[in-house]
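Below are two complexes that have subunit A in common, paired first with subunit B and then with subunit C.
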Partner chain A sequence: MGEIATQVLLGLPWTLAVTALALLIGVALGMPLMLARSSRWLWLKLLSGSIITLVRSIPPIVWLFVIFFGIGSGYFRISPFTAAVIGLGLISSAYMAEIYRGALLSIHSGQAEGAAALGLHPVRVWIDVIMPQLFRVALPAMATFAIGLLKDSAIASTIGVPELTFQANAQSMATYRGMEVFSFVAAVYIVISLPVAWLSRDLDSRMRAKVSR
Partner chain B sequence: MSVFFEQAGTWLPQLWGGLMLSLGVTAASLLIGLPLGFFLSLGVMARERVLRYAALAVVEIGRGAPSLVLLQFAYFGLPSTGLVLSSFGASIVALSLSTAAYTSEIIRAGLQSVPAGQREAALATGMTRLDTMRFVIMPQGLRIAIPALLGFAILIFQTTSLCFAIALPELTSRAYEIGTNTFRYLPALTLAGLLYLMVCIPATMLVSWVEARATH
Partner chain C sequence: MGTLNDSTPKSSLVHVEKLKKSFGTLTVLDGIDLDVAQGEVLAIIGPSGSGKSTLLRCINFLETPDEGRIRLAGVEIDAGRHPGQRQILELRRLAGMVFQSFNLFPHMTVLENVSLAQKRVLTRSQSEADGRSMELLERVGLAAKAKEYPHRCSGGQQQRIAIARALALNPKVMLFDEPTSALDPELGLEVLSVMRELAQDGMTMIVVTHEMHFAESVSDHVMIMADGRIIEYGPSAEIMRNPQSARAQRFLNAVRDR
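Take a look at the complex of A and B:
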């Protein structure tokens, strides 16, 4: 069992890398996507709204297959790792855009109006007044999403990224001890998500005090 | 483009069968998972400590482990205990557990959002605890939970795509199979994606409609 565990844990850095990079893409691209979604221009609103719906309505595994087998097998090759990061990053962007939008709704409109009345430039209103509060409000939802993404990264095993679930599969086939192997890997996922949940709860209670409501 | 439509015509019956299987697995998982989720939510709220911890353990395992790992556990893991499941059986076992764990939290949130006065008033009029639950708390709490439960149903439908990993011939598996046979992955997967959209977009619209009605 010890040897199986060490083999499975070889996949841990890959799992963490896929999750972290996809989350980073989501946190970054989710913002412009949300801004477009709540824009005054109807066409921009419709376009970003359709992108979000399209991305969220197709299962993650299909996105990974489209990117890895569909696009990646044609004109240019994509490594499984890159395909997983792009695919999960794309999905994260759509979900993060919705999380940001929800958080934005909870920030009192007086904040933006007050800042504008003080003569702040619209860009500065966003960067200095809205965004710091937005991130604080969005944090719990972001943490929940990050934990979900950690589990979704298991899908990367189907296109051959050597992460936790991929290693578990290989060990299960090599040793015929699927019961132990998959129980162990399930426990690893649960154990990694625990500190994220604790950290977010702690951060949330400290940051909540600083948000105007 | 015309080549795409020509191929789409020949692939569609095969993919359609896959879609039906995906929908079947979704329906079976919801049918088994929802009642289980309801009982788990009662278990988590129970005063009995052993019962509460047991229910919490099931919920945390069902939500904490990736669905893909649960599926593989049911298909590749359980046989070593002597319980050999078909890929269809394993899909239903794993996804029902997932459904039960997630919906138990949704149902619990719904039941707990019923104002405490309702329960107190019902008990004060002499209703038994069981009747209070059946006639006062459940009708109100479950109504609150409906939009979130519908949203979850869409999610579990998408999750059936993971049954690919245990060789269940559902929509994603069939698109992948067409891809490996013809080396035309992109059109086959696009077609599968369109079929997912065909189910998910109307379903999402339905959920937001129900949500809008519920908040009024």
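Take a look at the complex of A and C:
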């Protein structure tokens, strides 16, 4: 069992890397996508709205196949890891855009007005006043999404990223001890999800204590 | 509008000319002319929906007027000509605004609320800004709250902090949009007394309000609006005691009977 565990844990860095990078892409790209969605120009609204809907209505595994087998083999070579990060990053962006949008709606319009009346440049209004409040509101939903993404990263095994599930699958086939192997990998997923949940709950309650609305 | 010799357009600090604003088919401001002299306090009263808040919000372009001209100190903007951002920011820098709902930033301490625009707009250093903020908080009697977050303060205290925040840019004029309407009468009084002191110190103020006593006792002039027009304007005592138009008489009787 020690041998199996060691083998499976070789996948841990890959799982963490795919999750972290995809999340980072989502956190970054979700913002412009949300801004475009709430823009006053109709064409930009429609464009970003359709991107978000398109990305969200196709299953993640199909996205990975499109990117890896479709784009990856036809036009230029990309590694399974890159394909997984791009695919999951794209999906994260669409979800983060929706999370941000919900959070933005909860911020009172007087906040932007109060800042504008002080003569702050619109970009500064956004950075100093809106964003900090937006992230505060969005944080619990972002943590929930991050945990979901961690688990969804398992589908990267299907295109050959040597992450946790990929390693577990290989071990299960090599040793015929599927029950033990998959129970072990399940426990690993739980162990890495919990700190994320705790951290988010802790941050949330600390911010709430300081600034209740 | 009856112009008075002390508020001819030339000497006025705030000059508004033929201001028009519609929301869809609803005309909210139907050609407003207005002059406020340096050091003058003008109260704008009138029934809800008369356009008084919109007028105030047009003066610093929180609402973009469809037509008309606004001049504040040296800055003049023609609304019909799609004014640029730079001009609007300059105008806002000269006008401090206080809102009915306070609009303090909940994620910043009281001190940070008052210092923010000084750092960003006047590019003061942190210590310089904080020093000035403490002076202003002292002035509104809330220096002790500097390190607290706004939600730890009462409504009246929050509004006084909002006044300090607006004063931090050394505005030429202060715009008050129903500053006591969200407060119970007792807390409203502490805000009104800060405003009264400001007026005594010579601050130019335009106050949209339902506080008839304040309009009568503190302001120099009173303007009554109805349906997007000015129906009465003049020295406060005269207007409050002896309004000329039937519409103004009806409004004043209604608010007095309460």
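One rule holds for everything that comes next: the second predicted complex is superposed on the first by the 208 of 213 C-alpha atoms of A that agree within 3 Å, B and C clash if a C-alpha of one lies under 4 Å from a C-alpha of the other, contacts with A are read in each partner's own complex, and residues count from 1 in each chain.
We take it that a residue touches a chain if its C-beta (ideal position, glycine included) is under 8 Å from a C-beta of that chain, and two chains touch if they have at least 3 such contacts.
Please read these numbers as outputs of a predicted model, since none were measured by experiment.
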- Message: Is A:S79 touching anything from subunit B or subunit C once the two structures are fitted on A? First, second, both or neither.
- Response: neither
- Query: Counting only touches as set out at the top, which of subunit B and subunit C does A:S106 meet: first, second, both, neither?
  - Reply: neither
- Query: First (subunit B), second (subunit C), both or neither: which does A:R177 touch?
  - Reply: first
- Pick one for A:A117: touches subunit B only (first), subunit C only (second), both, or neither. second
- Item | Partner chain(s) touched by A:P132 [first = subunit B, second = subunit C, both, neither] | second
- subunit B versus subunit C as contact partner of A:S39, first or second or both or neither: neither
- Query: In the superposed arrangement, which partner chain does A:S205 touch: subunit B (first), subunit C (second), both, or neither?
  - Reply: neither
- Query: Which chain makes contact with more of the residues of subunit A, subunit B or else subunit C?
  - Reply: B
- Item | On subunit A, the residue positions that both subunit B and subunit C contact, one per complex | none
- Which residues of subunit A touch subunit B in their complex? 53-54, 56-62, 65-66, 69-71, 73-74, 151-152, 154-155, 157-158, 165, 168-169, 172, 176-179, 181-183, 185-186, 189-190, 193
- Message: For a test of understanding, state which residues of subunit A touch subunit C in their complex under the given definition.
- Response: 108, 110-111, 113-122, 124, 128-129, 132-133, 136, 210-213
- Item | Of subunit C, residues touching subunit A in the complex | 60, 62, 85, 89-90, 92-93, 95-97, 99, 101-107, 116-117, 120-121, 149, 151, 162, 165-166, 169
- Counting only contacts in the complex, subunit B reaches subunit A at residues 60-61, 64-70, 72-73, 76-81, 158-159, 161-162, 164-165, 172, 175-176, 179, 183, 185-186, 189-190, 192-193, 196-197, 200-201, 204
